[in-house]
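Each of the next two complexes has subunit A plus one other chain: subunit B in the first, subunit C in the second.
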Partner chain A sequence: MNSPFALLSLIVAVPFFGMLFVLSSKDAKGALPGRNAFNVCVFTIISNIILIWRIFMILNEKSASLQLIERFDWLNTPNIDIVLGVDVFSLLLILAVHLAVLIGLFGVSANTFRQKSLMVFTLLFLSMITGFLVAADIFSFYIFFEAMLLPLFMIIGMFGEVRKQGLINRFFLYNFIGAIILFSATMLIFYHRGSTMLADVGSISFPAPLRYYIWGAVCLSFVSRIPVWPFHYWISSINSGIRNPLAFIITALLPLTAIYGFIRFLPARLPLELGDYIMYGEIIAVVTMLFIALIGFTNRDYQYKIFAYVTVYYILYLLGVFVNDELIMTSIGYSLFCFLIIMASLEVVSGYIYHKEQEAQCVSNGFLCRVKRLSFVYSFITVAAVGLPVSAVFVNNFLILSRLLGFNVKMGVLLVLSLAFVGVTLIQELLRLKQDSKECRLGKNDDISKPFFAFMLFVIFILLMSFVKPLWFVASA
Partner chain B sequence: MLQNWFIMSPELSLLAYLPAAFLINRFRAEKTAKTFFTLSKIFLLFTLVTTVVFYNQSPLGPWLKNTSYSTLFKTLVYIVSLAWFYLSSKWFLNKNRSSYRFYSLGMWTLFLFSLLISARHLLVLAAVLPLLGLSARGFILMHWDEEKVAAAGRLYGVFAALFSLLLWSGVALLHWRLGSLDYAALQGAFSAGEPRDFYALLGVCLILSAVLFMLSAAPFHSWFVGVISCATLPVCGIFTLIAPIAWLFCLVALVAKAFLGLAPLLHGILLAFAVVSLFIGAFSANGQTNIRRLFAFVGVYNTGFLLFGLINFNSDSIMSAFSYELIYVLAMIGVYTVFLGLKSKSEYLSDVAEISGLSHVKPYISAAFLVFMFSLVGMPPMLGFLGRLAVVNTLVTSAQWFDVGILLVSVLFMANAFLNIIRTVYFEPLKNAFDRTDKSIYISLFVNLVLVIISILNPAYVLLGAETVLKGVF
Partner chain C sequence: MILQLFLGLVLIALLFFIIGQEKRRRVWSVLLFGAVLGLLYAFFEQINAIGISNVMYDWIPHHTLHANLSFAAAGQTSACLRVMSLCLAVLVYLNIIYRHEEYSLYINNFILLNFAALIILLSARDLLQLMIGSCCFTIIGFYLINDVAAKTKFIFYNFLAELAIFMSLAVVYANLDTASLSALPKYLKAGHHKDLVSMLLLGAVFTKCGMFLFQNQLIGLKQLTFNRLMTVALFSAPLSGVIIFARLFPLIRVSEYAAPVFALIVGLSALWAVGGALLADSLKAKILYLNMLFYAFVLWQMWDNGAVFFDKLIYLYPSILGIFISFLFVSVSASDESRLSQMGGFARRLWLDLALALAAVFVFLGGFAKSFDVAAVWIFPTVFLSVCAVILRGVFGGQSRADERVEALLKNVGLWYWLPYAAALGWLVGRFGLWKTETVWAAFGVFVVLMLLAPVRPFLKLAAAERLQNGDFLHRVYLLCLIMPLRLLGRVLWLAIDFVVIERSIIGSISHSTAFVVRFLQKIQNTYWVNYLIMALFGMAVILLNLGWYYHE
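Take a look at the complex of A and B:
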């Protein structure tokens, strides 16, 4: 099916044009700095969400192949066509990313520090990641894979509060190396097959030494974006220090690109040569998962706890991807959709509590006893994050875990253990906030605003509906 | 005979500027920097139009020959010159200095570049190169206020004289061994395998070394770095933006029309220069505190990248080198426009530390700077990615995997050098009070960025015509 009105290009272009509008926006007299930019950004994202929803309406959700194909003659020498296309999986992720960023925006609505820059780079990032998720050929996939590094670097540098400036350079270069490795693999594939669709890469038979290099390079470039040992240092040192909720959410979307990359690139049957390496990779991934879950459990910093939660779940999805089962892929899609929303919500409400704590210069123990709205939202999000039956995470993670247990019991047990640790970590934090303490000077007035509460209720509604039916918003589903 | 004069009208127009400017300088009482820019613009536009009109007409038989691809390069040189002359007028207006000498030297240099691009005889090259050396020295010493500028001028003078001597020696050796200096005759001789003795090959190497010196390829780059770090901004622009295009074509013409029979030897020589330029450029750019010096090393790095694109000597390679150069020039014009917007207390800033926190007060200039720097690294979705893709593709299609590896590693080092500037501009606190930026700087940046966006969305607009023209080179 071809795309009417080039809808896929449109959902990539809308955030980009929104960025240009933000660039040209000026603040009204007396308004908060960057308020206008913020409003334009929110409006842009909501407009794009409506467009995405419209695309869901015309998509055949039963088809596993890419739909709404758009093809552009881009370059003559070398002969490269840019092809865009979506399936339910990628569109779900696009919607989830937009919702996560929208939630993140509410976390920075009161921010006055370089708000316009934050909005500009957020929209640029959104445009690039949307392009990445609709890319259907190897070149557009690579272009967007690398392109999202620029806004990410700028957001981390300006809002990440990274004390060691050299760390940002190394973080960028480390990700850039991953992108360069993917570029070399892309050029090799291009050399052998010309401009190739992602779906066809798996069916190309490369000569023996080249096969190792191409698949090795592809795996390495994706793994470099997931905090798995030995690649965990740069990501963990950056992510766990970010205090700006939106910046954290955007940074936490980076591993998603790797998971998605594996799903798109890996052929239906993995090359036999990779079998052993993947087994070693799985062992390393599980050990990293357990290790990070334990550190999250013992660490007192709320940001590290959320980082541990995010990492453990991403590694779970990564391991699920390697099972290479169509049912599991669907489960990963549904689970990821809710996971991204939960992660963003958790970060925003935790960030809110942290900033209140900083303002009042006291501990937040028992804070939730005094604020009803925040207490309800925080409790629900924690319950959803732990994986209890309030969102699509519950059923789908159950399916992924059961398949992984069937695949390898020892690995499955360690996975369950890691998930239990991060679950306990989050509940421990909830209990701390619920256990009243005299040292906490925060009161009723510090509750979240009614509009924010209403928005969070809408988010909770989305999560609950996804538990009932993952594609509830699609009329024909 | 009359026809020949008409065909020569682009060159004559460039020369005609000189007496006209002299008369205006002598007799007009109210003259500003803009006066000479306006005059040069008129003559340059006429040159541009007549160059296109007589695109395949050759005035002086075997000495000078115009073809569609030489016209393409000439047109590019004139357009870039026009843009840079316009931007330079802002510098002269700001400094309240006479621009007479700059524009006169500029038009004279363009005349020499025009001869260089049309050259089909080594004697033309041997005559033009020293003259270009002299005018370059004139540029360097223009408006010099400091001892280091004089030192850079002296250093350049010595090197230019030395390489002119090398060029003449090379030309003499070739004449001795082959009996002709005409490109077509040399091509015929080398293709037939005629004398491949030491002296003939030495002659070729000496000629190439002189061209590579002018192209600022490492290890002959020290003069370029020295000049760029201390000369005035308009002069730096001439060396960085205009000269490389002319010298690139000179190298292409030499390789394609005279020495193609020695392709394996040339491949080795150019590859060695490419690797050295790439790594010296990328390594040295890291850790520079002078922003212009840093971009001088970017120029050296660019030469290396360009040579990598060229070393296969086929239509793909010339296309990749051309598109890389075009994209580089577009980005560098942007960078130099940004430099023109970086002023504090009427002084143009050149130290990295001086632009700390620039994004706080000049967000648009900072954003443009960011775009151009990422473009120079070749990062998508910036236009520079197309250049990187074109060069890497040429190497991939000829299965030069090791060269691809070298290129990609060098990109990482170059990226690190730019990250330091970006960090200073965006992540560090404001330390300096910047002057108000002229509106024309913003307009120039806007036009440049629009061109960049159009080119990245549909590169065919820019490159399709060039591709057709350049197919005839090899």
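Take a look at the complex of A and C:
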């Protein structure tokens, strides 16, 4: 199916043009700095969500292949075209990323520190990640895969913690190495086969030494973006150091690109020689999961706890990807959709509590006993985050885990143990906020505003509906 | 019909959450009570007329995973719902009149949702619905508890139990490729990891039912008011635990380790419960230990046949609730005093409370004799009622130990309490003809004699032992043996691996080696003759190596 009105290009372009509008925006006299930029950003994202919804309506949800193909001539010699296309999986992720960023925007609505710059780089990132998720050829895939690092680099530079110089060094080090090796693998694939379509990559058979290099390079470049040991350290230090909810959400979306990369690149049948290496990779991944879950359980910093939660779930999805099963891929898509929304909501409400705590210069223990609206939202998000049946995460994680348990029961046990640890960690945080303390000076007036509450109720509605039917917003579903 | 009941309960609860105000809680609660009674009446009228109600919603129609949400009221399920409806009405009414419940409307809404969760669990025909029902009980229980310490224990224990169920059913699904409960025999024949599944499920059931080693989550409820602790202990997680046991009973029994583990834990639970019920000073704690004893009996009975829960055991719930409510009456009459050491000699002034308690015991005996072959299971009623006799003797018999305030304000429970209670007991006696059995009268006679003679003093002496009454032995053990080492391990991993290995060694060495290379390159590009010499020699070496390679090839 070809795309009417170049819809896919449009959803990549809208955030980019939104960014240009933000750049040219000026604040009215007396308004908060960056207010206009914020409004433009929100409007842009909502517009794009409507477009995405429109694409869902014309997409054949039962087809597993890429649809709405758009082809643009780029180079004649060598013959390289830029091709865009989507399936339900990638479109779900695009929608989830937009919703996560929208939730993040509500978390920084009162922010006045470099608001305009944040909006500019947020929209640029959104444009790039959308481009990455609709890329159907290896070159556009590579270009967008690397291009999204620029806004990320700027965001970390602006909103990172005190040691941000070191963080940026690490960010550059890992991603630069990843970029070089992925570039070499991309060139080798093109040189060897001449085909640039992502869908063909999995079916290409390479000679033995080259096969090792290409798949090794692809895996290494993707893994460098997932918090798997020893690559977890740069992501953990960046995530735990950022106190701006939107910046945190954007950096926490980076591992998603790696998981998506694995899904698009992995061959339908893994070469036998890779089996052993993948097994070692899985062992490292499971140990990392347990390791980070344990650290999250111990650490008192809420940001690290959320990082531990995010990491454990990303690794679960990564392991699910290696099962290479059609049902599991669908489950990962549905689960990731809710997971990203939950992660963003959790970060925003936790960030809100942290900022209130900083303003009042007191502990937030028992804060939730005094604020009804925030208490409801926080409790619900925690219940959803730990995997109880209030969102699509529950059913789909059950399916992913069942496959992983069927594949290797010992690994499955460790996975569930890690999930238990992060679940307990989040519940612990919820109970801390519900245990009343005299030292807490926050009161009823510190509750979230009614518009914010209404928005969070809408988010909760989305999660609940996703539990009933994952594609509830599509008329034919 | 069943779907209407389910949706009706959920909608009433949500509606009252939104419109209900705590300022006029009783008025709102009465409205809610009326709505619920109307809904239940309409439902059972229709069930009586038609006999069966089944609704199925095609939830996940994927070809490799077909899951339905089913709602069914027929046979066992219908009987179970009848009994639970009676308990639901009693609990909702109790919350309206119990003056210490500040948030009666809030708790009543959750009781309705708890009943809705029961419908989900009872109607389950596949693994997913079973898990959803079980999780709903945990979530609702979490909101029913208003003490943070009790809430913490409840949620942690139950969350881990849910994960154990989740994992075991994921293993089963991985083997079967279908979520249908009717396919379980296939797993029993040819499935893998049966021991793991069995042990996980057994652990989950024990945890949910608050059996030995996992009793803290329920005993911790003693900080709650009577109405809340009875609701949670009798109708929340433990009820979901036994229903899961009944539905997955073949999976639990499949392992050869299951029988000894089951016998050991259930036996120890019963012993612990009896000891606790006798030694605890608080009436609330006594209720919780008696509840533990009851659930130990329920599980014991279900070991041979899971269906016995729906056939017989379910009918014990109203009478057990009746006995627990009679303890609540004592506390209400004694100005909310709940310590046995501060009671005694109340028989004359609280004659109505005593009569009601004895009536509750009679109903329990009658109900038990009606459902069970007493000769085969005499041990449970004997032990249970012996403990009750000691408690009632401590409350009503002997000399008064109450302080002046309690003594001065002692009075029988009010009309709003006793009249509906007596009516309900009377209805049960009349409806099931409990008074007709001679054995029941004989047993009741023995109970009365036991109550008159029961020794109380040895137990009262231990009332002042703070460690015994409030000590949390098991929590300390878990803290020392499980949580502390895990925290320590997490700390060590963070410091040792993250900081020392990655930060200092890997990243540090990369930074240092980059700096070294940069310095080296800077040095050899300095305008010294030694550098020119080195570069010239290096260039010659490269040329020579290439030449050598060329001739070798």
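In this section, the second predicted complex is superposed on the first by the 473 of 477 C-alpha atoms of A that agree within 3 Å, B and C clash if a C-alpha of one lies under 4 Å from a C-alpha of the other, contacts with A are read in each partner's own complex, and residues count from 1 in each chain.
Assume contacts are C-beta pairs under 8 Å (C-beta built on N, C-alpha and C of every residue); 3 or more make two chains touch, one makes a residue touch a chain.
None of these values were measured; they are calculated from a predicted model.
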item	value
Three-chain arrangement built on subunit A, subunit B and subunit C clash or fit	fit
Touching partner for A:W74 - first (subunit B), second (subunit C), both, neither	first
First, second, both or neither for A:V424, with subunit B first and subunit C second	second
Which superposed partner A:I143 touches (first subunit B, second subunit C, both, neither)	first
First (subunit B), second (subunit C), both or neither touched by A:L173	both
Partner chain in contact with A:G443 - subunit B first, subunit C second, else both or neither	neither
Subunit B versus subunit C as contact partner of A:P451, first or second or both or neither	neither
Subunit A residues touched by each partner, larger count belonging to subunit B or subunit C	C
Distance in angstrom between the closest Cα atoms of subunit C and subunit B, superposition on A	6
Overlap of the subunit B and subunit C footprints on subunit A, listed as residue numbers	169, 173
Residues of subunit A touching subunit C in the complex	169-170, 173, 229-230, 233, 236, 291, 294-299, 327, 330, 383, 386-390, 394-395, 398-399, 401-403, 405-406, 409, 412-413, 416, 419-420, 423-424, 427, 431, 434-436, 468
Complex contacts: residues of subunit B adjacent to subunit A	316, 319-320, 359, 363-364, 367, 370, 374, 379-381, 385-386, 389-390, 392-393, 396-397, 399, 404-405, 408, 411-412, 415-416, 419-420, 422-423, 426-428, 458-460, 463-464, 467
Subunit B-facing residues of subunit A, complex	23, 73-78, 116-117, 120, 128, 142-144, 146-147, 149-150, 153-154, 157-158, 165, 168-169, 172-173, 176-177, 180, 183-184, 187-188, 190-191
Residues of subunit C touching subunit A in the complex	59-60, 62, 64-65, 67, 128, 131-132, 135-136, 138-139, 148, 151-152, 155-156, 159-160, 162-163, 166-167, 169-171, 173-175, 192-193, 196, 486-487, 489-491, 493-494, 497-498, 501-503, 506-507, 510-511
